[in-house]
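Here come two complexes built around subunit A, the first alongside subunit B, the second alongside subunit C.
Right after this comes the complex of A and B.
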């Protein structure tokens, strides 16, 4: 492993540590029983199978959105459309889960395919506009988020709403469509396996295929990629298709894994979470799994502190902000980075001289 | 349908457009200034949310709306400064920095709300202050015009001034020229002695001021309390308005007005049983289409060259 990579990992570790230390600080400032609260925050998530299950179930959508963002970031694209994709894929996938009638095993697969297909279609709007006409994908994807939300709410209110229930939810999914729980005593569902599979597939795509190389080359320097004969337009389209499919899958997996009906009444926030996860993972698909697990751990910890002690769970958003700011700060620990890299060069020089 | 038409030509309806437009005008001016400087501030939503909270809380503590407004402005400028510090000094990507601030605002305000009001939803238990409505002397007596233009919250008038300020800033001041130069080509601007960092920092702080006003209006004018995520995407809508207005003060103001109209129409549509969810998406679709046409035109022009 080269020194730059090691340094990046160190930076990530420092940011994670800083997040936990700030959590301590907040707890000390706010809580009446700080020591007890810190222990709950740190240890309680591991204290029982149910809580570990909570971490896993919280990590599932984060893995999907993190993967989706990691692919886009690797190609140098700032598409924030994950929000809308999650929502819309949830809605359209739910339609399938409510009204189709299929045998068990096949049913959830069909719903996932519907969700992924919806995700691809939604993502392709900013994707195609960017690929063909160079329209700013960030603005168009933000527009798509709001359009998806409006259209989704319309469908929910007018077609899917179960008026027998007072809250705004859809009809119940058919039970054959639900993703089964795989660990008894928890809510951990098959979605985790799908998420891990997706991470592996995205990894293979990005690092072991010709297309993956082109994606990374485009992200590193689009002009260079173009002049060296790569079809940048195709790369951008492909990246959006994959990112849309992964995020769409995430949306419907979340619905069918944890809920019996469609329950989102606002955009779920996973799109922006994905950006943070991808950054924590340095845009590496396998790293996304670890990053999602870490953030899920923070969230479950914060949730437990708010339930068993006296610190509101929103503490987590303060920690997340810190993580994003520190990791994305190129010059964070920059002084040390310089020294660290120079040492490497000196070692090489010494070895080089030794050869002569 | 007739009832619907009567509703949207009424003076109340036109009055409500101005009310709905106020935070959009502020935020879209913030978006224009920062974007023209080449440092697009996407944390408008978060900055306004923090300002709204701060205005409510300090207004309550001091029992003075003026103190609330001042603290709202300070809070938004402070966090705009945090964004500027990280993006300009530590080279954090500005989009990611914006996402971070939005996340901080959304959770952080609920966190603080719980600490000060013991409630995670609204601050109605705290008797906070509101900024006054202003009746304009002569105009208020003119029949229709009076009930449309007069009697708005003081910040609604300030928001119109904010548009004029932004227009003037970018058109005829040295800072405005620097902002445009840095946004156009950073290296070129620096080669003639303009500090890109200072200029972008100034632009981000100014966008913070705009967000401070926008947030203060929400919790001290639009309504008289703070509630969680009370901006409900107005910051993002302002970004859309700015994109639609092609980074100009007047264009963005006009686009904000369009969004305001669409919002007011969708509220009116809801009472008439029309699909308000779909009506609400019209401005976004319009922006998307507008942006597409704009991009296609540039693409064609480049192809011809």
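Right after this comes the complex of A and C.
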């Protein structure tokens, strides 16, 4: 591994560490028993199988949304539509899970396909607008989020709402549609395997196929891609299709894996989490797994500290914002990077001269 | 106080990505001299000048300015201490007037507003003082390149520059403009200014410079008195060995016309007629050179042939096929290579590895596919072979191409475009800003392609290159072909210059010979 790559990893690690340190600071400020709270925050998530299970189950949707964002970012597209896709794919997938009647194994697969298909359709709106009319995908995707939320709520309220229950939830899913738990004593479901499979597939797509090369070339320099004879319009559409399918999968997996009914009454926030995770992973699909696990760990830790100590969960959102801040402010370590590189080269020079 | 106005001792600069740009450089300037700085691309000239101009901080070494130890924290400070730089790519606001550009950042004020009249007066006076007359009220984008350069020089002088750094100032000029620039530089020298002249063109250096410092792979090799060395000696010092840059062309037999252009005209959005009825043929085994001052329709011609601008009227055919409906993608299917003018804009994706840059135009090639995936074994072998045969200096195929020096980056572009032996090659300034060694490799490849039967269109502002490579040669002026030479024998740069500036032109009969070449 070259020194630059090592440095980038180090850079991310320092950002993570800084985020944790800031968390300490906040805990010290708000907690009466800071040491105890910090220990809960750091250690408790690993203290029992159930909590580790919590980390895994929290990481599942984060992996999906992180992957979806990583693909878009690799193509140089800043699309934040994962949010709406998660919600809409959840709704449409839930319709399938409530009203279809299929045998056990096939049923969840069909629901997944329905969710992925919904995701593709939703993502294609900003995608097509970008490819055909060069409309800014960030603006259109944010607008799509609102539309998805509105349409989804309408469907939930008027078609799917279970009036037998006081809160706003849908009818129960058919039990054959649910994703089974794979580790007893936890809520870790088959979704984690699907997520890992997705990550591997996205990795192969991006780095081992000619389409992936086209995606990355388009992201690095669209003019170059065009000049090389690539069909940039097609690349943009393709990227949106894949990102939509992955995010859509994430939406319905989350619903069928953790819940018995459709329970979201607001946008779940995974779209924006995805942007953070992709950034943390430097847009590498395999890195997304680690980044999602880390964010999940922080969330579970924060959740535990708010349950067992006197620190509010709001702290977590501050934490996450800080991570994004520290990582996007990548330059903050560059002064040291320079010195570090120089040292390496000086060592080599000395060795070189020593040989003569 | 020493005899030097500037001394840079044992400068080293190591970039964040680990590239050692300068490892041990000592450079000094006497007051009132013109001092040439030469070396291959990637030899560290630009880095040294960036350090002098305060844009980069040296990792080691000391700078003494007028005998005082100096550390520049930024170019603002360097400017304040009397150092001025004219970049190769001009740093002018095109939509501003000359006066506005000159006073940019130091505008004369009248209350809260900029005093435009004072700016104009200041500019005029400045031009008179240095004998560099310019029209202060002209919009900058309307100026020819030579005048833009003059504005850049004035801009530096307006800020009190005593040491002027000129980065490849002659690269974009015609021979006549170059003569004028040299006249101006001699005047500045007489007024006590010190000039650093960066160039690849050794004859020019011999003509204007007092001393010459040669750099090679991050070190200063030697500083010579200019009159004491021959051109060959300078060239050898640059290369570190003797290099025979003569190109063997072999005898010529032309085949079919792979490129046919008839009555091509183009009017741009602002209504300017950039091309006025251009016709020519390029036959197999022929290098068709187009000389001309930049902005006389060459860019539009290339843009049309590479399918980035529409064929408005007239006709263009590749291999007898009309290309007006083709796009950048479909033209790639026609055994076609294109070396673009600006490598960073179109030629490469800087953050992507060398290997992927080298195959980007050839993704449909089944050789590189296995079970629907990219076959990296074959790709790596192909890339490795190219790295060796083009002598690309890099850490390996997985290095991002943006980390290479300009010359090596250009070799990647040429390797890709010539990789599948195209029948048509369009080469636009293929060796601009490329060192002698790299240029030689690129020239050899172009000639070899041609010998294998390709039709090559060569558009270049470097007349020496055009004269060296072209079999037939056309000169473009204001969107027309104004001269056509069936051979480059007996032609020289001065003679071409007259056509390029529109002073002379051939009769229509001679120009018609561009169609169907000659036997």
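In the analysis below, the second predicted complex is superposed on the first by the 338 of 356 C-alpha atoms of A that agree within 3 Å, B and C clash if a C-alpha of one lies under 4 Å from a C-alpha of the other, contacts with A are read in each partner's own complex, and residues count from 1 in each chain.
Quick note on the criterion: a residue touches a chain if its C-beta (ideal position, glycine included) is under 8 Å from a C-beta of that chain, and two chains touch if they have at least 3 such contacts.
What you see is a predicted model; the values in this text were computed from it and never measured.
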Exercise for review: On the superposed three-chain arrangement, identify whether subunit B or subunit C touches more subunit A residues.
Suggested key: B
Exercise for review: Quick one: classify A:317 as touching subunit B (first), subunit C (second), both or neither.
Suggested key: first
Review point. Which partner does A:282 reach: the first (subunit B), the second (subunit C), both, or neither?
Key: neither
Point to revise | Touching partner for A:224 - first (subunit B), second (subunit C), both, neither | key: second
Exercise for review: Using the touch definition from the top, say if A:210 reaches subunit B (first), subunit C (second), both or neither.
Suggested key: second
Practice item. For A:181, select first, second, both or neither according to whether it touches subunit B, subunit C, the two together, or no partner. Key: neither
Exercise for review: Determine where on subunit A the residues touched by subunit B overlap those touched by subunit C, and list them.
Suggested key: none
Exercise for review: Quick one: which bits of subunit A touch subunit B in the complex? Just the residue numbers, please.
Suggested key: 30, 78, 80, 125, 129, 132-136, 138-140, 142-147, 149-151, 153-154, 157-158, 272, 275-276, 279, 312, 314-318, 320-321, 324-325, 328-332
Practice item. Note which residues of subunit C are touching subunit A in the complex, please. Key: 14-18, 20, 23, 59, 306, 328-329, 331-333, 338, 340, 345-352, 356, 359-361, 363-364, 368-369, 372-374, 376, 395
Study note, to complete from the structure: The subunit B residues in contact with subunit A across the complex are 42, 86, 89-93, 95-97, 99-104, 106-108, 110-111, 114-115, 120, 233, 236-237, 239-240, 243, 275, 277-278, 280-281, 284-285, 287-288, 291-292, 294-296, 298-299
Exercise for review: Name, in rising order, each residue of subunit A that touches subunit C in their complex.
Suggested key: 2-4, 204, 208-210, 213-214, 216-217, 220-221, 223-231, 334, 337-338, 341-342, 344-345, 349
